[in-house]
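In the two assemblies presented below, chain A is common to both, partnered first by chain B and then by chain C.
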Partner chain A sequence: MQVNFRSVKADYQLGPIRARNIIDDVTFSLESGSFTAVIGRTGAGKSSLLKLMNGLLLPAKGEVSIGELELSQQANKKVINQIRKRVGMVFQFPEHQLFAETVGKDIAFGPRNFGLNEQETKKAVQESIRLVGLDPDILERSPFSLSGGQQRRVAIAGILATNPDVLILDEPGAGLDPEGKQKILTMIKTLHVQKRLTTVLVTHDMNDVATYADDVLLIDQGKLVCHQPVRTFFQDNHLTSAWHIDLPEPLRLQRKIERAKNMTFKQTCLTLDELSQMLIREGLV
Partner chain B sequence: MNKLILGRYFPGNSVLHQLDPRAKLMAALYFIGLLFYVENGQGYLYLFIFTLMMMRLSRVALMTYIRGVKPLIWLILFATCLRVLFTGGGTVYFNMGPFIISSFGLLTGIYTFSRFVMIIFVSTIVTLTTKPIDLTDAISFLLHPLKYVKIPVEDFVLMLTIALRFIPNLLDETQKVMDAQRARGTVFGEGNLLQQMKKLVPIILPLFASSLNRAEAMADVMEVKGYQSGKKRSSFRQLSWSRRDSLCLMGMVVLTLGLHVLNEVNVLLLIASIY
Partner chain C sequence: MDNPPMLCVDQVTYRYHVTKSHYALSDISFTVNAGEWLAVIGNNGSGKSTLARLIVGLAEPESGSILINGKRLTERTKWQLRQRIGIVLQNPDNQFIGTTVQDDVAFALENLNIDDHEMQERVFRALRLVHMYELREKDPSQLSGGQKQRVAIAGVLALEPDLMIFDEAFVMLDPKSRRELLALLRELQAKLGLTIISITHDRSEAAQADQVIVLKDGVLIDHGPPAVIFEAHPDFTPPFAEQLKRKLIELGGSMPDAYMSEKELVDWLCR
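This part shows the complex of A and B:
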C-alpha cells in the first residue's frame, strides 16, 4: 500500500506545552512494498512522522494518504479507524503495552477491536504467533512470565494479527541483546517479503539500514533532508559527513582501505559479503 | 489527563513565587481553616475578594484556575446538593420525605459551594507557584515535630518526594500506552460507561507493571547507594525565611481580625434588630 505525504505540517501538544511545526512541510511518497528506514537525530521528528501515518497525530496542514484513504485536519473517526486497521504500528518497547492474562488474549486484542469474529480472531492469533517464530504452547501463558525477547515477539504478533498492509516499527531492536535484535530484524525482513508489506523502520543503527532497508528517509528538525535508495545515500560522502551519519561497518572498512591505499573502488559495499568479494576481485587479499 | 491543573507548577517570578514554601503552605492551611469560621455572607464575600487578590498576585491567568475547578465540579455540586436537600429552617419551599428545600438550606448550599471553590483556588495558588520539591521540603519542616512521637517523618517525606518526582514520567507513559492501544484499534470515549471502563484495563495494567518494575529498580539503586532509613541527613536545598514571609503570616492575622469584626458586627446587628 502506498504512503503519501503532501506538504504535511504538524504540531505536537503535551500538557500546556505546544511545539509548533514538529513536522514542517514534508512531502514524500513510499512505494507499495518498499522497505524504508527513517533516520535522524533524537528529537528530529521521527516518532511524530510515524504517528502521522496512522492518525495518532493529525496534520495541521497538508494531507497524508495511505492507499486510497486520506488523513487531514478534519479526518473523521471512521477513516482514522480504517487507517489504523491497515497500518500496524510497533512502538518502541512494545512489550510495555502487554496487559492480558494470557498471551493468546493479548494478541487477540487488536483483531477483536477491529471487528473480526471469534473464528477469524482465533485464526489470526494462531497465524501471527507462528509468524513471529514462537511456540503455540506459549499462548496459554501469562505475557509477564516471558523473557524480554519473547515479550517483544508477542507484542509484534499482536500487531501482525490485525493483518496490516503497512508495518511501522519504532526501533524494534532497542534494549535487546545483539543476537535477539538480529533475530527480530531478520524476522521483520522475512515478513516484509512474505506478506508484501510496506515497511517503515526507525533506527539509529546504520548497519541495520544497510542490511534491511531499500530506501532511506533522513529528517532533521521536522524537515525532510533526503529520501533516496540506501546505496545512493551511503555513496554520497558529502551528505553523510554533513549530517554526521555513521557509515555501516563494511563501508567504513572500505573507506579506511581506500585511504591507506590511496585509491577509490568503483563499488560501495554495504555488507560483509560484498566487501569480501570485492577485495578478492581487486586482488587485495 | 493533560487538563489537570491542581498539583501542577507554573514557573514564574511573582511575589507569591518568591515566598518561602513554609509560609505559603502554613498560610494556605490556615486560610482553609478560616473558611470554617465564617458565619455569614459578608464573611464569604470578604474571603472571596482576598482569594481573588491572591490569584491576581500569582500572575497566572484566571482561566487556568477555572479550568482547575472543572474536573471537580460534579463532586462539589454533589456535596452542595446534599447540603441543600437535608438542611431545614427558614421558609420551606419543598418537602418530600427526608428531602427538604428551605431558604436556610439554599443559603447553606451557596456557602458550601463557595467554600469548596475557595479551597480549590487556594490550594491551586500554592501548587501553581511552588515547585513540588519545595513543597515537600516545607511539609518535611512542618511535620518535624511528629518525630518526637516516633513517627518516621523523613521516610514519609521521601515517599512523597519520589511520588511527586515520578508523576511526569507516569503521565508520559500513560500517553504512550494509550497511543499503543489506540494503534491496536481501541477508540476511547465511545460506548456506555461499562464499555469505557473496560477500555481502561489495557492502560492501567501495563502502567501498574511498569511502575512496580520501576519501584523495584529504584529500591535497588537506593540500597546500592547506601540509603538507610532513620539516619540523620543534611539537605542540599536550604529554605530561607525572610521578612516577606513573616509579613505573609501577619497578613493572615489581619485577615482573621477583619473576619472576626465582620462576625461580631453581624451579631450586634442581630441583637439590635431584636430590640
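This part shows the complex of A and C:
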C-alpha cells in the first residue's frame, strides 16, 4: 500500500504549548512493498512523521494518504479508524504495553477491537504467533513470564493480528542483546517479504539501515533532507559527512583500509559478505 | 604490601526469593583491581543487573561476600562504602531530581556534608569533564538523551568515587554520542585512576575493557581479556573486525587464527 505525503506541515499541541512546524512542508512517496529506514537526530521529527502515518497526529496543512484513504486537517473519525486498520504501529519498547493475563488474550485485543468475530480473532491470533516465530503453547502463558525478546515478539504479534498493509516500527531492536536484536530484525524482514508489507523502520543504527532497508529517508528539524536508495545514500561522502551520518561497519572499515593504503575501491561495501568478497577479489588476502 | 583489589566478589549466590528454586546468581567469584575496566556481558536474563544491585548494596547475597577495597559490604558498612561507588543506570530520567543541571549534580554531594565552596568546585569540575558546563542552568528535562546521560555521569563523577558502574548506560544513545562518552571514560580512567565496571550488550564497548566476564543463566562461565573471550566464544557476535577476519578465513583466505583488533586487521591487510 502506497504512502504519500503532500506538502505536509504539522504542529504539536501539548496543553497550552504549541510547537509550530514540527514537520515542515514534507513531500515524499513510499512505494507499495518498499522497506524504508527513517533516520535523523533526536528531536528531528521522526516520531511525529510516524504519527502522521496513522492519524495520531493530523496535518495542519497538506495531505497524507495511505492507499486510497486520505488524512487532512478535516479528517473525520471514520477515515482515521480505517487508516488505523491498514497501518500497524510498533512503538519503542512495545512490551511495556502488554497487559492481559495471557499472551493469547493480549494478541486478541487488537483484532477484536477492529470488529472481528470470535472465530476470526482466534485464527488471527494463531497465525500471528506463528509469524513471529513463537510456539502456540505460549498463548496460555502470562506475557510477564516471558523473556524480553519473547515479550517484544508478542507485542509485534498483537499488531500483525490486525493484518495491516503498512507496518511502522520505532527502534524495534532497542535494549535487546545483539543476537536477540538480529533475530527480531530478520523476522521483520521476512514478514515484510512474505506479507508484501510496506515497512517503515526508525533506527539510529546504520548497520540496520544497510542490512534491511531499501531506501533511506533523512529528516532534520522537521524537513526532508533526502529520500533515496540505501546504496546511493551511503556512497555520497559529502552527504554523510555533512549530516554526521555514521557509516555501516563494513563501509567504515573499507574507508579505513582505503586511507591506510591511500587508494579507493570502486565498490561501496555495505555488508560483511560484500566486503570480504571484495578484499579477496582485490588480492588483499 | 599489595593494595587489596578494588572489588572482590567471592562465591556469591543470590535468589530473588527464598521459596524460588531459580538462582539469579550462583557461586560468582571474581576480582577487579584498582584502575581496571571490567566489562560484564551476557544475554538478557543472565544476571548482569542483579550483580550490579549486589555490588552497590541494593540487595544482599544469600551466601558469599563482596569486599570493596578490602572491606566487607554489609548492611552496616554499606552506607560508608557506597560513598566510594557511583552507578549510572540505563534510563537517566529515573535518576533526575534537581530543577537545573547543576542542582542535580550537586544533589548527591549535599548528603556528604562538605562546604559550599568545595561543593561548587566539584560540581563545576564534573560538568566541565563531560562538556556540560555551559548548559548548567538548564532544566534537565529539556536536554537530549545523550546530554542527560552526560549529566548523570557528572553526578556520579562529582562524588569522586573509586568505582563507577554503568548498567547498560549507553543503550539509548546514538552511536556517535556513545563513542564520545566511552572515549571520555577511557580518558578519566587513565587520568583519575578510576575503576570501571560496565554492564553491556555492546560488543565493541566490551572490546575496550581490560577484562571481560561472561554470565550465562546466573553462572560466571568465563573471565579474561577481550581477545581471549571473543576467541573462546564464537557464538557471541564479536566486534566487526573479528567477524570480517573469520569470514575471510571461511572464504579460503590464509589469515592468522588468533583474535585481531581492528588496528591489527587493517595493518595486516595493508602489510
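Just so we're on the same page, the second predicted complex is superposed on the first by the 285 of 285 C-alpha atoms of A that agree within 3 Å, B and C clash if a C-alpha of one lies under 4 Å from a C-alpha of the other, contacts with A are read in each partner's own complex, and residues count from 1 in each chain.
Criterion: contacts are C-beta pairs under 8 Å (C-beta built on N, C-alpha and C of every residue); 3 or more make two chains touch, one makes a residue touch a chain.
Please read these numbers as outputs of a predicted model, since none were measured by experiment.
Peer 1: Return first, second, both or neither, reflecting whether A:98 touches chain B, chain C, both chains, or no partner chain.
Peer 2: A:98 sits against chain B, while chain C stays out of touch.
Peer 1: Check the residue A:110 against both partner chains and state whether it touches chain B (first), chain C (second), both, or neither.
Peer 2: In the superposition, A:110 touches chain B alone.
Peer 1: Which partner does A:162 reach: the first (chain B), the second (chain C), both, or neither?
Peer 2: In the superposition, A:162 touches chain B alone.
Peer 1: Let me test your reading of the model: by the given contact rule, A:133 touches which partner, first (chain B), second (chain C), both or neither?
Peer 2: Neither: A:133 stays clear of chain B and chain C.
Peer 1: Touching A:276 in the superposition: chain B (first), chain C (second), both, neither?
Peer 2: So A:276 only meets chain C here.
Peer 1: Indicate the residue numbers of chain A shared between its chain B interface and its chain C interface, in ascending order.
Peer 2: none
Peer 1: Quick one: which bits of chain A touch chain C in the complex? Just the residue numbers, please.
Peer 2: Going through chain A, the ones touching chain C are 41-43, 147-149, 174-180, 182, 204-206, 244, 246, 249-250, 253, 256-257, 260-261, 272-273, 275-277, 279-280, 284-285.
Peer 1: So in the complex, the part of chain C that touches chain A is made up of which residues?
Peer 2: Its residues touching chain A are 43-45, 90, 144-146, 168, 171-172, 174-176, 201-203, 237, 240-241, 243-244, 247-248, 251-255, 262, 265-267, 269-270.
Peer 1: Going by the contact rule at the top, pick out the chain A residues touching chain B in the complex.
Peer 2: 13-16, 51, 54, 56, 77, 81, 84-85, 87-89, 91, 94, 96-100, 109-110, 112-114, 144, 158-159, 162
Peer 1: Could you please specify the touching residues of chain B with respect to chain A in the complex?
Peer 2: 2, 8, 171, 173, 175-177, 179-187, 201-203, 205-206, 209-210
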